[in-house]
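Multiple structures follow.
Each of the next two complexes has subunit A plus one more chain, namely subunit B in the first and subunit C in the second.
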Partner chain A sequence: MIAQLKEHYQKSDNSILYLCVLYYIVMSFITPGFFSLGNNWNLLFNLMPLVIVSIGQTCVMLTGGIDLSITSTIALSSVVGASFMSSDSGLGFNPSVSTFIGIGVMLVVGAAIGLVNGVAVTKLGMPAFMVTLTTMMFFSGFAVWLTESQNIYNLPDSFLRISSMSMRDVPIPVVAALGVMLIAYFILNTTVIGEWIYAVGLNVKVARISGVNVDGTIISCYVFCGVCAALGAVLYTSRLETGSPIMGQNILLDVIGAVVIGGTSLFGGKGKVKWTLFGVLFISLLDNGLNLIGLSYFLIMIVKGLVILFAAILNVLKERPSLAS
Partner chain B sequence: MLLELKEIKKSFGQVRVLKGVSFTLEAGKVLGLVGENGAGKSTLMNILGGIHKPSSGEVFLEGKAFAPQGPTVSLNSGIALIHQELNLFPNLTVFENLFVKNFPRKSVAGIKLIDRRAAIFRAKELLEQVGLDIEPDRIVESLSPAQRQLLEIAKALSSSPRIIIFDEPTTALTRHESRRLFSLINDLRSNGIGMIYISHNLEDVISLSDDIAVLRDGEFINGYTKGGGYSLGSIIRDMVGRDMDQFFPDRDNIPRTDHLLEVKNLGMAPIVNGVSFVAKKGEVLGFYGLVGAGRSEVARCIYGLDSFEYGEVLWNGMRVKTLNPAAWISRGVAFLTEDRREEGLLLDQSIEKNVALASLGSFASAFLRRIKRKDINSAAKKKAEATRVKCDSFDGQATSTLSGGNQQKIVLAKWLLTDPKLLILDEPTKGIDVGAKHDIYELVNELVGNGSSVLLISSELEELLGMCDRILVMNRGRISAEFAKDVFNREAILESALHVMEEAIGA
Partner chain C sequence: MSLLAVFFLTSCSQEKNGPVIGISFETLQAEYWVASLESIKAECERNGASYIESVADGDANRQFEQVSNFISRRVDGIIIAPKDAHTVIPIIKAANKANIPIAIYNRVPVENSGEYITVVADNYEIAKSAVDHMGRIAREKGGEYKAMILIGDLGDINAINRRKGFEDALVEYSDIVELVAEVPTEWNQEKALAGVTNALQANPDINFIFSSSDFLFPSIVSALKNLDKYHPVGHEDHVLLGGFDGDAMAYKMLMEGYLDVDGVQDVHFECVEAVQSIFDMIEGKEANMRIRDPGFVIHQGNIDEFAGRMWGADFASE
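Take a look at the complex of A and B:
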């Protein structure tokens, strides 16, 4: 029995999901209020934007890159979109029109930042880490400068309802996250560009010689990642009812942590949508549970670090080819 | 007896790689070890080198049981392994590479420091021993492949081994450098060192070895002793397990006269200096020359992998403006590059995915570019099977686990699936065994028989003589001579490759 379980665990790529379930069960018993409807909803709503942003990041990391600028993308889309929509802006659109325009503008901002990142990485041949570190600094500074460090209020009701509305009883944020996951899954597993993304991540030289449009593939991934971050910004902005220039500042490490814990390789070429979902679930559960226990922020950080390290070790142990004897 | 192997067996999981191999090696003798790729030679060597442990069987070193726990133990017991893939640190200097395991030390005020001066002095001795004329503080990155190979040998000598194992030492060397290596091997032999020499170049093995052991499919097939009466043919028969009446298969089509690819005055100083040639339809056009003569570079420039300074390329008589791999593939041109591990294969991916990679576009729907999975998988599998690749699974086995010859077949299958009108092959049979070579030649012939053309770049003159309709010889970035099939002349070809030209001879 134990041996069978062990073998299944060795072969399956759902190990993080099992950890999540185990953690969820244990926490339900020991933490008051963890297993409550309110908390579960809370968890779900925290989870959705993180899933969306992490899926974008996964695509970039599959090409062997990294996008550190997602947080600044969230902040800039939030304030630019909010200033289009806010009744303080004096643009005077009718509220539902301005909601559409606002969301459109936010996604365009995300795509534009992704385009800048992608072009710098491919055409200028700069390392992704450098490019996105600088765009992170530039655009987060830009967002603060634009708003003079003020939040933007008075957003139209139709926009605020996004985070509470449902489509056939499924909340819109869940619909959005499912949509992004399906699109990413479809692209990665059934299309030419999906194959190209993996090939570029595994070996750029081989990919180029085999006729892969390397630059186009990489740029598309950064643009997709930017759009995902902007979509995350839509959900965050709607829920907080404000456009904030410091929105999403703390989620960068959660996003990258979630993707990597899920099993996506930092060197590219290996990763799945499913893995990232599990990774995000894991990080969110961890955060939520520790918060409910009532640990201080610093203790939470310490425990989180330890648990992530533990999960990473489990993953590495699994990966290591058993030494044939 | 210096070394004795008794009934060595080794399995990786379900795969039995060695099925009970025994042989002996005496001091001051060279044992030639031959066999096809995947016959188990490398595994055997890795067992001696302490990298793998045998599943069963025993090794005796000077009569004592020897079961190394790791590479360092083997090295300290006097077994030096010179790998086919070089194990040098390209970012370090020559002498640092030589002593990376055991730097000479000196003690300053009780603190042990590296003794650079002693290291450089000792490095000079070792370099001289292998006939390598370079400064010990050169960065390894700046060395040619041949120099690196010799450095690897110097590194092996630095541990004063009693047994040296050479795994394909001459693939990166020119004839001249190989000869120097052979005289070094003869010196070592007279110093009482026992050597195991693994190579696909059977002429070399025959001329060097005192004894020859032939492996096939993990079994010891036959052993020969110098003067015991054997021939190249009998060794090949033992290796392959079948008669190969004709090593270079026949091809009876005649090249047409229309030009498929035309290159005019192509140049990238100082490597390529004004190269012009024409490849005709249905022709196998060979490129011969020394390493560094610019053959690969010409192909890389044409294919858009390297940029060039001047010249033009015509395809079917039309000037080509966009030179990049994707554009060439859509025109029907494929390029099998020299470095299959770095540029040919996605090593972590399955055979199926590798073969499909260059043809994804032609198996995708117009809308959303969805891949027709079933079609492409069965087409890829069919192509891979046509190359007679030996593997356990097409969709589950990473290509990194295949032997060199089988890996090359996968790269070739990838290009054949694109249905090329022109196939450029850069050293397609480097480091692969006779059987796989033969299979590759047959595939090339089949392709040409269907009207396609092939550019064959090779350092093996035999291969070019056997396969080509025409051979162009390159020398220092220029085409120095051209030979048609009916006037192939080995000496003249060698001469035009070796001689320093006063003037370029335009083609």
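Take a look at the complex of A and C:
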């Protein structure tokens, strides 16, 4: 029986979801306040920006790349967008217009950084790790330089309401995350470019010989990832009512951890939108539960680090046979 | 599964009666924060309360999420050392909405309509008094002085007030002390080291240094040692040194005679008052909503009298 369950767990697409459910049930019994409507809402709200950013990262990782610059994309989008919207900037737009322009600018900043990454990876043939590490440093520094390390306040109410407003009783962050997931699902599962993404990740040389537009595919993924990071920045900035040059500085581990825990291959070619959703759910549940249980900060870091390391090892072990072949 | 078992055992061992206080710190980067967190936890325990703690590692968004977790758990009170004066506003709003008393520790929020307790040292007066004492020493010794200040994160109101205290104190000594270098550190030791090294190269005659936080002293000491300018009080090449906080390094430097003056925050007072006020609010009593720590200045002349009150002394002895 246990062996059958184990086999099913290993083969199942939803193994992380089962783990989440198990973790949720156990924590509900042992952690006061964990199983409550308030905490479930809280979990949902904390989940959404991370889902959006992680979906973008998934697309890049499916091509065999990685985008380490998402943190600087979030930071730069946040301060540039906030600068356009802040009443301190003196641009004099009315609040609704400035909100519209601000969000647009944030998304353009994200797309532009993604474009830089994609072009550097494809046209210059540089390793994704090096390119995005460099752009992370450059754009993080640029955000700090641009703002002289100052936060940007006095954003319009119409922007601040984004994180708390609902559309037909569904909160905007949930709508945004669902939208991104649906778009990613649609692209990956029903379009030619989705097939190209998987093909590039599985074997770039074979893909190129087969007529896949490799460069275009990779660039599109980095641009999509940049836009997702910028959309995450919209939600984070709205929630904190502040544009910050260090926003999102510490979420890289959570994002990559969530994607890897979900099961997306570090080597490309394998991964699904729902896997990433489960990975993010697991990371968020872990954070939430550890926080509520009252473990010390250092212990939480150790546990999270171990879980992500364990997931990465499993990921590599699963890939090893296919790598060998 | 073993992970879940650990959580289970941990949570069982933590079951306690009495109020639960959520303690959220933005960082534990400096000793001051570690001392404060430990002191608040000890004070909670002394009052029969249990606590849950979180550290946001410098990330305001993470801190917002962590406090939201506290609120969803329905803690009885929240004590938060926020990232800055602005990003704490949504957190105050959320706590007020949930009717949970909240105390803001060490950083005063910008003006807002929320209901909250603030506990903060009088950064301006303590810094001004410390620098004033440095000025008096300079005047007694005679000669002319070139001054440098290490500034904290200018998004932090405490850093701004300490800088203002420094500048206002120097006005009285403008005939003998000239400010030649302001080093922005953003509360970062590496930036401080680079900034101090550059400033000392550009102005090798700097002989009057004030650090807006004691945790930046390792950077100053390192830069001074490299230039062979780190000498104890009384040495002819001694650089006048002043600091702010009262941490273990400052305590040791004072005791060894390298540090002239230190403005000290009374951590014990701040933590006791923060916890007491939260308890008053929980019990529906009238609470002291604006708690100001007057702090004190310690120097080579009153070291015997005040050294025992310096919170860094406990860390130094460990």
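The criterion applied here is as follows: the second predicted complex is superposed on the first by the 296 of 325 C-alpha atoms of A that agree within 3 Å, B and C clash if a C-alpha of one lies under 4 Å from a C-alpha of the other, contacts with A are read in each partner's own complex, and residues count from 1 in each chain.
Rule of thumb we're sticking to: a residue touches a chain if its C-beta (ideal position, glycine included) is under 8 Å from a C-beta of that chain, and two chains touch if they have at least 3 such contacts.
These figures come from a predicted structure and were not determined experimentally.
The superposed arrangement places subunit B and subunit C next to each other on subunit A without a clash.
In the superposed model, A:T190 lies in contact with subunit B only, and not with subunit C. In the superposition on chain A, contact is made by A:V206 with subunit B only, not with subunit C.
When the two complexes are overlaid on their common chain A, residue A:S87 makes contact with neither subunit B nor subunit C. Once the two complexes are overlaid on the shared chain, A:L292 sits against subunit C while remaining clear of subunit B.
For subunit A, the partner that touches more of its residues is C, with subunit B and subunit C as the two candidates.
Judged by the touch definition given at the top, the superposed model places A:W41 against subunit C, while subunit B stays out of reach. Applying the stated contact rule after C-alpha superposition, one finds that A:S28 touches neither subunit B nor subunit C.
Legend: residue contacts after superposition of the two complexes on their common chain; A:N14 is shown touching neither subunit B nor subunit C.
Between subunit B and subunit C, an angle of 130 degrees opens at the CA centre of subunit A in the superposed model, to the nearest 10.
By the touch criterion defined above, A:V303 reaches subunit C but does not reach subunit B.
After superposing both complexes on chain A, the closest C-alpha pair between subunit B and subunit C lies 31 Å apart. When both complexes are aligned on chain A by C-alpha atoms, no subunit A residue touches subunit B in the first and subunit C in the second. Residue ranges on subunit C touching subunit A, taken from their complex, read 3-4, 7-8, 10-12, 14, 20, 28, 50-55, 57-62, 64-66, 68-69, 71-74, 84, 86-87, 89-90, 110, 153-155, 184, 186. Across the complex, subunit A meets subunit C through its residues 22-23, 26-27, 30-34, 36, 38-39, 41-42, 45-46, 148-151, 153, 236, 239-242, 244, 246-251, 287-297, 300, 303, 307. Here subunit B touches subunit A in the complex through residues 11-13, 53, 55, 303, 305, 325-326, 328-330, 335, 337, 342-349, 353, 356-358, 360-361, 364, 368-371, 373, 414, going by the rule given at the top.
Across the complex, subunit B is touched by residues 190-193, 195-196, 198-199, 202-203, 205-213, 269-270, 324-325 of subunit A.
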